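Since the structure comes first, as structure tokens, the remarks are kept for the end.
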Amino acid sequence: MSEVEMTISDAICRAMEEEMEKDPTIFTYGEDIAEQGGIFGQYKGLIGKFDDRVIDTPISEEVIFGSAVGAALAGARPVVEFHFADFLFTGMTAIANQIMKIRYMSGGQRDLPIILRGPDGRSLSAAAQHSQSVETIFMHIPGIKVVVPATPRDTYGLYKYALTQNDPVIFFEHKQLYGQKGMVPEDEYKIPFGEADIKRKGNDITIVTTSRMLHESLKAAEELKEDGISVEVIDLRTLVPWDKETVIASVKKTGRLLVVHETWKRAGWGAEVTSYIQENAFDYLDGPIRRVGAYNVPNSFTPEQENFIMPDKTNVIKEASKFLI
Amino acid sequence: MSEVEMTISDAICRAMEEEMEKDPTIFTYGEDIAEQGGIFGQYKGLIGKFDDRVIDTPISEEVIFGSAVGAALAGARPVVEFHFADFLFTGMTAIANQIMKIRYMSGGQRDLPIILRGPDGRSLSAAAQHSQSVETIFMHIPGIKVVVPATPRDTYGLYKYALTQNDPVIFFEHKQLYGQKGMVPEDEYKIPFGEADIKRKGNDITIVTTSRMLHESLKAAEELKEDGISVEVIDLRTLVPWDKETVIASVKKTGRLLVVHETWKRAGWGAEVTSYIQENAFDYLDGPIRRVGAYNVPNSFTPEQENFIMPDKTNVIKEASKFLI
Amino acid sequence: MAKNNKNQVSKEKFLKLYEKMVLIRNFELKAEEKFLNSEIPGFIHLYIGEEAIATGIIENLKEDDFITSTHRGHGHMLAKGADPNKMMAELYGKKDGYCKGKGGSMHIMNFDLGVLGANGEVAGGLPIAAGAGLAIKKITKTDQVVVAFFGDGASNRGAFHEALNWASIYNLPILFVVEYNNYASTISSKNSTSVENISERAAGYNIEGITIDGNDVLEVYNEANKLIKKIRNGSGPILLECKTYRLKGHFVGDPEDYRDKKEVEKRWDEEPINRFENYLFDNDILDNDKKEKIWNNYENIIKEAVKFAENCDYPKPEEALEDLFADDSGYDYK
Amino acid sequence: MAKNNKNQVSKEKFLKLYEKMVLIRNFELKAEEKFLNSEIPGFIHLYIGEEAIATGIIENLKEDDFITSTHRGHGHMLAKGADPNKMMAELYGKKDGYCKGKGGSMHIMNFDLGVLGANGEVAGGLPIAAGAGLAIKKITKTDQVVVAFFGDGASNRGAFHEALNWASIYNLPILFVVEYNNYASTISSKNSTSVENISERAAGYNIEGITIDGNDVLEVYNEANKLIKKIRNGSGPILLECKTYRLKGHFVGDPEDYRDKKEVEKRWDEEPINRFENYLFDNDILDNDKKEKIWNNYENIIKEAVKFAENCDYPKPEEALEDLFADDSGYDYK
């Protein structure tokens, strides 16, 4: 299959454009979408292409999010942009109390094909209110599927899948990855939710990660290789549902598991993976499962403190090395 | 020390009344507070006692919560009622992006003595939007202390402490426990945050729990005793900070840990306790740490489905029994 | 009673409006009785005294028009054509209820009827209405209209503001209906709401705002008739405030310490069914005989509904793990 | 320029207002330069063209009065008396910055100055202002006044609505100041905001609403003088809308594809400093000599501020684990 190079941003726009051509009920809206293609220009590829189906909204997060329920029930397929993951809190009730519960409360009367999507994670000195990763919260509360892609190839395939399935989905697109380049097949394809991807094969340590930390983990694996340590890196790609089988199979092989995410360590999703795996593969573990995550403080503005708080490959290497003492 | 019997509701009102007498900057507000003393009448003990310091508000959750920051900075000590834990989401941004971050973002210029408090958890057929336990979210995001009391004695002491310390605190008062009776010392006392209480001594299994599930766990321990199994039951009382030492000491003795909470099992705070303990006491564990929590669905209205979703002593017994197979 | 436009309304319509109100009243009285008798679990909020609003407005809607409702939603649902049997079964938490027992009173909904949900969250329906309106305008391009019902208390929530601004800028086909019943739970709207009439807020969104007597079913019907036509013709959103009074407690079992019994008693005089009855008697549209027949009929319908609910099975406990997703492959329920 | 009340204002006050605006302008121009030169991290939002608002209003406040600010907060902070050195140091992320480098431009604040925070969340300051007002009214019972600054875009957020209703029902001492600069990021307020003047929303809260020329510092000063006195005397909240124009991009580096360069150029003619200068020249309060001195002085102050910031140390990385709590015993940072 022939492939082309593109960024994650391109991959999103390509998937959106293809599906919007096919399905006239898909529309997308949010702040700074129609004129600018997102605050980072990440959806620029859609500007001017679909008239009334790419819409700028006022700064009204509760209605931006809550409207998705009404739009879906009225026969549309809303793709709603949340601007910054931090401002999911601003309209949180529309997500946690409406989008994530209506199907269930109604006794399953109708499907709710809703996509929430937008940037999350750190950038550079965006400080405490513009740097959060909040995917764990949507893994904890039941009612939405959680996608955390790391590469153009995965982003495209997961978007294609999301745009044709029928449940609420939230996409966390890492700010620092929009420009990330990679090869993407020219033919259309979909990647179903719940299938992890082994991004690097190895035998000594299993790393389970997602999003930006996938890239940091791969760098760490490369460096650890020089010390003769063979690391397997698993990209979960989706957290709800998450692929337990792939992780367990790897842990059976390596006996050592490190879970790596950018979000706060305390009660982050790494704790769920840890708890599940120790419960279901205890006898295969050589020692405790370890976790890498941000320090449990808000993000600081000043660069060196941000770098201190937020994990990167050095934290991964440091934590991985503890297995070998 | 002589003791009197009172409910949790009484204990809250007693602590509030004593501290409001001493400190004229404490005031409390929220929906249905001044006229009715809370939607369950739980703060009835304060009605008519402090004039302008017990205040009814409009249904405006973002301002109800966010106002606490301004009130604290202007020299008051706000005690803000959130009506139902489910509606924390309604003003979530004022908590997660303001209350929990302002001190940090300001470089620690001022303390923020704020208390958020109100009912959480299941009741009877209150359905999906009035039954949630969301304490894990406030354990995950840094910036607030989390209190989850289970008895009148603890509630009183923790309130007394909260009302005189200087950080944001969130109290989750379980709906089904307001009427819970217990003996409370007549003399004033405080219980500092971060000190777990061993509510029952035992040698075979350690249960770590809080709030309503403490009572279910104690019942389970009583029944397990009949099978000759000796269960130690630890009530964490606060989740931020949480008392790791007491739990580790107990696990060193029993080798078996079961974490029990009402909130959803997936990515619930039990996962954090599990992850931390397996990391720090791995060699003392006889087998995997186990967890009890609600099924990962919203709460259902119909009674038998609610009972199925929400854990009780039978789930505790069932899970505990797995240690012994 | 509304003085103008009476003759817009045919005698048959008069009776239809009357019967709808009688249906709702009977449903609510029975629900109250069964709740007090511990046969209905959870908590329920009654629409008694407010029947004229749902009745008068929804009579002007087509089957495929949408409404969003509130925690006090039985009346809206029945007015939109709900089957009392399935409604009562839902209140009982039974499997033939509209939501298979998962929703109960506070979350009763039926999308086939265009009822996009009662809602346990105050003002929770407003963003949903805003979204249905947007989809109609931008995607489906039908002539559907959305009616968003909400309370005076809800009008102090941010969602109210965001939804009205949103509907105005996109010129959406939405009728916003405030049911001003003087209370939000224990709080008098006089104390919590900065304006006397919520309709005064319409100007802040550059839309029309009207206040009417919500206990006069004809006034409600006529005004809604005009406004819904206007909206269907592209006027954009309108805010209609219906003044009424919550004759019962906030929920069944409310101790009601916050208001004077006398205040409530006085308000029973303006109760919409009796008022309309007098009018119908005066105009020889109704007599005692007919009235008795109508009431007997709806009492029976509701008795049947209770029987239906009682005889219906509960859903299985483990069916609690259904209905969350269209596709739950790989999902960890436990 | 405002025609009335000119003589309310003394010549000294005229110059003070002028100098404040010149201070803010110079701070912003230097910040822009240093940001474009990659010396300032993160992102910054400039107040250029809007200086008359913060200047004219805050000149009427006492030291212990409170303000809440926005993401575009440098001007408010400087007008409230901030030290340009500590401000610049904060923008640089240095340890002698107002927030020890933890806040940066978007979260610059100083409680001793009564600045309850710039805020990275749109409308985030409004609930904070509402709470400060409530504490003043119910607890501290001082004669303090709160001024809440926010943008035209912010006026579409639910928090705006809730805060204004709240302030009105409790009759709080709050002046709400909308800085109507025509844009919310890339979105023209014409398209996102249902009213032409945000002040039209005041009636929805039963409070006074006024629209003035926000580029006329005298008009702003005089109006605020009147309103703040009124509020201090117990009038309750007032909504003051100041029309202005955002002359620079939303943030430094904004591609600004969403608007015509010509539109912006034209608006430079109404820019507040130049306008006030003309007035001062016409009235013989300012001449070229004096003007040059003033500008040189503030250019120097800002150069000093940059030098201060540059020479200041960064906080230590591990100090990232400070300042979250007053008492962090038992807290797990890792």
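For clarity, chains are labelled A, B, C and D in written order, and residue numbers in each chain start from 1.
As a working rule, a contact is a pair of C-beta atoms (placed from the backbone, for glycine too) under 8 Å apart; a residue touches a chain by one contact, two chains touch by 3 or more.
The shown structure was predicted, so the numbers you read here are calculated from the model rather than taken from an experiment.
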item: Chain pair showing more contacts of the two, B-D and A-D; value: B-D
item: Longest centre-to-centre distance from subunit C, chain (CA-based); value: D
item: Geometric centre distance via CA averages, subunit D-subunit B, whole Å; value: 40
item: Geometric centre distance via CA averages, subunit D-subunit C, whole Å; value: 45
item: Subunit A-subunit D separation of Cα centroids, rounded to whole Å; value: 36
item: Cα-centroid distance, subunit A relative to subunit B, in whole angstrom; value: 30
item: Per-residue multi-chain contacts in subunit A, two or more chains; value: 57-58, 60-62, 86-87, 90, 93, 97, 104-105, 127-129, 142-143, 266, 296-298, 300-301
item: Multi-chain contact sites of subunit D, meaning residues that touch two or more partners; value: 99, 101-103, 107, 119-121, 124, 156-159, 162, 165, 169, 191-193, 324, 331-332
item: Parts of subunit D lying in touch with subunit A, wherever the complex brings them together; value: 41-43, 93-94, 99, 101-104, 106-107, 119-124, 153-154, 156-158, 184-187, 191-193, 255, 257-258, 314-315, 317-321, 324, 331-334
item: Interface residues, subunit C side, partner subunit D - complex; value: 156-162, 164-165, 168-169, 191-196, 200-201, 203-207
item: In the complex, subunit A residues that touch subunit D; value: 31-32, 35-36, 39, 41, 56-62, 86-87, 90, 124-130, 265-266, 295-298, 300-309
item: Touch list for subunit B against partner subunit D, complex; value: 24-25, 27, 29, 52-53, 55, 57-58, 60-63, 65-76, 78, 93-94, 97-98, 102-111, 142-143, 145, 165-167, 193-194, 240-244
item: Residues of subunit C defined as touching subunit A within the complex; value: 66, 68, 97-103, 107, 109-112, 116-117, 119-121, 124, 126-136, 138-140, 144, 146, 158-159, 162-163, 165-166, 169, 322-327, 329-332
